[in-house]
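One structure coming up, written as structure tokens, with questions to follow.
Going in written order, the chains are labelled A, B, C and D, and every chain counts its residues from 1.
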Amino acid sequence: MSNPELDAAFADGAAFVPYLAAGDPDFESSIEYVEALERGGADVIELGLPFSEPIAEGPTIQEAVVRSLEGGMTPARFFEFVEALDVDVPLVCMTYYNLIYQYGDESGPRPFVEKAAELGLSGFVVPDLPAEEADPLREACDEFGLDLVFIVAPTTRGDRLERIMEQVSGYVYVQARLGVTGAQDDVSGQTAASLDRLSAYDVPKAVGFGIKTGDHAERIVEGGADGIIVGSALVDIVAEGHENGDDAATVAARLEEKARELKDGAERGLAQRAPQAERT
Amino acid sequence: MSNPELDAAFADGAAFVPYLAAGDPDFESSIEYVEALERGGADVIELGLPFSEPIAEGPTIQEAVVRSLEGGMTPARFFEFVEALDVDVPLVCMTYYNLIYQYGDESGPRPFVEKAAELGLSGFVVPDLPAEEADPLREACDEFGLDLVFIVAPTTRGDRLERIMEQVSGYVYVQARLGVTGAQDDVSGQTAASLDRLSAYDVPKAVGFGIKTGDHAERIVEGGADGIIVGSALVDIVAEGHENGDDAATVAARLEEKARELKDGAERGLAQRAPQAERT
Amino acid sequence: GKFGDYGGQYVPEALMPAIEELEDAYERYVLANEDGFMDEFRERLADFGGRPTPTQYAERLSERYDRDVYLKREDLLHGGAHKLNNALGQVLLAKYMGKERIVAETGAGQHGTATAMAAAHLDMPCEVYMGERDINRQRPNVFRMKLNGSEVNPVTVGRGTLKEAISETMRDWATNVEDTHYVIGSVVGPHPFPAMVRDFQSVISEEAREQMREKAGTLPDSVLACAGGGSNTMGAFAEFVDDDGVELYAVEAGGSTLDVDEEAGVAPNSASLSTGSEGVLHGARTKLLQDRDGQIMESHSVSSGLDYAGVGPELAYLVDEGRVRAVNVDDDAALTAFHRLSQLEGVIPALETAHAFAYLEANDEELGDTVLVNVSGRGDKDLESVIEETAQRDIDIAPDMDAFAGGF
Amino acid sequence: GKFGDYGGQYVPEALMPAIEELEDAYERYVLANEDGFMDEFRERLADFGGRPTPTQYAERLSERYDRDVYLKREDLLHGGAHKLNNALGQVLLAKYMGKERIVAETGAGQHGTATAMAAAHLDMPCEVYMGERDINRQRPNVFRMKLNGSEVNPVTVGRGTLKEAISETMRDWATNVEDTHYVIGSVVGPHPFPAMVRDFQSVISEEAREQMREKAGTLPDSVLACAGGGSNTMGAFAEFVDDDGVELYAVEAGGSTLDVDEEAGVAPNSASLSTGSEGVLHGARTKLLQDRDGQIMESHSVSSGLDYAGVGPELAYLVDEGRVRAVNVDDDAALTAFHRLSQLEGVIPALETAHAFAYLEANDEELGDTVLVNVSGRGDKDLESVIEETAQRDIDIAPDMDAFAGGF
């Protein structure tokens, strides 16, 4: 069901999937930042389309959302943003369901997905859309050949997991711990158990929530993840630059450096995992 | 039942009965003031022993009570005050029942009455002691030969009036209108009707509440009263002098003058009434 | 009109005819239910007031004291305190008597707000006298009275508190006695007020007695109620007085100390039953806080609703007779009990009410297996005082106040 | 979990297992009364909460409108509003589910205080999220929560009001979902919340329906309730929905105007049913105040309790079906109605509640012979707002405010 771009992105087994809110803190800088992520080694980029009520986000990304909205970001601007981006890696739109639902003249997710497909987006992550409510979006994605990524939480088990895994495509977003998005030192969390539960499924597993260093990335990938998703650690760099009034190029350089650290960590993790896997 | 002093005071038919709070605003000045009332023509003087909760008094006398209490007036000081006074007219103590009740070692009114008798006081007016509750005080008064003056209100009729008139001695205090003590321009009020109801009783009728000028006094006596009781109009003079910092002699002179105006008015009223009485 | 030597009618003659008229109305309407007065009163208490109020088993207090503690929830009555029982009764009675105007005094404002509510409900013009100082301490209650359409008349004489407000209301009544009824706020004043207010309030113990039988299967071993003037106290006790096995505790405000300052005329407490002496105030012979001469003292309590130098004559009598035990707790204990009940039971009591719970805390062992406490009112009105008073003390269990430094 | 197209469960996956667990508990304990849950709930509502609340005949309103007006007196419930019905139900359910901690959001503070009371009563640790701006506007309610032992967590993100507090509480829940229950404050959120909160609140109409039969001998021709999130609305309507002859009016806050400022993202009203459009917010598909893109608007009402951009999905459905009429009144009319009810009936309503009475005033002729109005809460909490808002307007019937220039 997955479209080939995302399949390819995860092919090497240590995908680095960074997140930034599109338009944070302004359209132009944000373009530079996203492009810096690619230079730093991003395999897939999650682009946030900010919603006024981001119930799944921690303080770091909430503030990014506020900056982006104050900078004039809207769904229409978001699509302009995607159009303006000069990157080659697949882009996944991360947003809340109401924005997808309201877009266009008819109600329902189809116009939004159609537009996303037109612009070459590869898929969606919608944190407030559990599998139970996902049919209409799933159908639109199928129609236009986009992936629909679902999040699997540490509490997701049994029938629920089954239901999600039937619907997911592109990759599964493995939530490393309970709570909301945000950098956190302890990343061991319930990741191993979650990966274990998912081992039977053939979709790439990208782990997110709390990864902030190359070491974290390394450990996660070593533990069996096919990729790492990093948001808050990168948004922090944007926020800091914004507060200090640093120019966009400087911030972009820092983002690129951080991206490289994370990607390198993931690669190291993969390297260390391979022999172990052979040993068993 | 009346003692001869009060009988004598009302004998001429136009008695002037002024009221002052003893010790207002201080012991020495107050002595001068009371003596000035006698010079001005007082036939009986009502001396107020201030109680902290003077429920029957209007604002003028409430403030006199506050000044007197702040000046250190107590029941013991009150008796010293009476002793220090150099006046020949009968003195009636006006106070609230709790002070009478608490005085001395035994509870009940007897010690207070005994002490009052010893000092030559002629009687009592106790505004919060209706006839129903007056037996103990009445008995003590009888024992020591003092009068107990009762107030008759415009609303006092029938059985109530009967009950009061059985107990009263000295004079009956005819309340000219409803309300609390205080000077007021309209003195016609319900006085005529009250005097009419009382005409069958043989005790002197002194009218109070609201009399402030010689003209008022004249009309009241002409209307059949045996005397007039004046408090607030005199207390006003004390209050004004106190506020202006006038010396006691000046204030005393004003009081004497006011007293004379009132006494003269009462005399005129009597003079006008007499021929009418003959005509019928 | 007497309770032993207490009670009576010590009022100006001008009021006596009105008082006789009221006695007559009390006997006919209240005691004999003429024209169905009591039926209408009880119906309005139910529909407008929210009666019956529950008697609630207090789980966490019961656990704490290892005995069964029940709460009679007068805090749930319309207006937030037992006061409406009386105010509604008297305003309705005034209507039956053909009066056209209501006056009332208020201290903390609870009786004033109850009277204003009742007057609005029954379409009677109402004026409430309130000491200027109390007006400043209890602005929300002043506003509630005004919202209900009552006039609030500031009393500036004296210290500007309840005592002065009562005197001033009596003066208004003496002036307008022919068309006006004075809705007195407690079981005080001249007969028939103490008996009549008790009768209006006795619905508390009437219900509680029945509810205890239902819920506990037994009468309580003891009943606790705070006592200022004593209306919630008599209301909570009345129907238990004949039950010999039920101990009745009137918990007074011990203030900062039971000692009095005769010189200054100040009793830093409101414990008339515990420490007062017999005297005459506001129309009745009762127990008072007075100096040796008989001048009334300035009383004090952290709870302005208990801050009164007198007490109902019937309570004074019942204490002398040994039927009611007069006890007291100080400001600190009351404030701590306020916090304790709020946290343990989810019921924020009036500061008045908190006194009863402070006594329970300190003396639970003497109270028997089953204790009934009258929750005379809710504490919403006291929040500002509680913040201030708590900040001045070191109360372990009090929540952190820092967020509230700005006041309301 | 759907009401037509409305409702659903639009929440982060992390919460879904908890929501499934809650659905299961709802079905077993609430719908099937397993372990006597509903019996215990109803008993606690009676003893702790003071149910039943009366349905009162409003004499002076009836006279004014020349029809029979009845008041369902939820203002008499413990805490001063209908909110306890739900809070107590959910905290008790959390206990049955073995949860060890409660979180809740609050806007004006009414749901927060109700939850804090229920949590104290049932001995459950409780944290309440409240926008910083609301904390500053509603200090007395903040203090009441703290007095009851709850933590109050300020929410500083965004505008700092209810919308943000709900989001923040969901985040806490998503973090602590295993031992924590989220006591949502209205008939909003993901299934089963809308249905469950309705069931806890439907005691209002269950009682009122019976009381109307007793007192009026008939069902009302119309039922009026204010609508913000809609919990008192659904509570007042639920048992009447099947009575075809009973018209149901959900009275929303028209604010200053029904026009919206798309540019600023501000709707100066809270009339989601009257003017909103379908969308997804806080876990459910319902009617919302949103801009063309689907961003949620800042709502507004003189009553902070109605100040919410969404509404319960079942109400949205019933409005679409034509069973409930969505109407609205503006701030001025609500404030005037607040004063009118206070003066005429001696009941000071919450500003929320006043909206229903404003509709009655303007449209009494369409409401039939017998009208039932749900008095969802009392107005004590609103005194400060009322003083401020009244001072900014020219309301004939408002009492003179001069004495209160100093505020509280």
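Observations on the structure shown:
As a working rule, contacts are C-beta pairs under 8 Å (C-beta built on N, C-alpha and C of every residue); 3 or more make two chains touch, one makes a residue touch a chain.
Heads up on the chains, UniProt names are A, B = Tryptophan synthase alpha chain.
Just so we're clear, the structure is a prediction, and the values are computed from it rather than from any experiment.
Inter-chain centre distance (chain B to chain D, centres taken as mean C-alpha positions): 65 Å. We define each chain's centre as the mean of its Cα atoms; on that basis chain B and chain C are separated by 38 Å. Centre-to-centre separation of chain A and chain B, using mean CA positions: 97 Å.
Looking at chain B, no residue sits in touch with two or more other chains. Listed for chain C are no residues, as none touches two or more other chains. Viewed as a contact network, the protein chains form an open path, each link joining two chains that touch. Across the assembly, chains come into contact as A-D, B-C, C-D.
For chain B in complex with chain C, the touching residues are 51-59, 62-63, 66, 69, 74-76, 96-99, 101-103, 107, 127-133, 150-157, 160, 164, 175, 178-180.
Residues 46-48, 50, 53-57, 59-60, 73, 75-78, 80, 116-121, 123, 135, 139-140, 142-144, 146-149, 152, 339, 342-348, 379-380, 383-384, 386-387, 399-400, 403-404, 406-408 of chain C are the ones touching chain D in the complex. Note for the complex: chain D touches chain A at residues 8-14, 16-18, 20, 157-158, 163, 166-167, 170-171, 174-178, 265, 278-283, 288, 290, 292-296.
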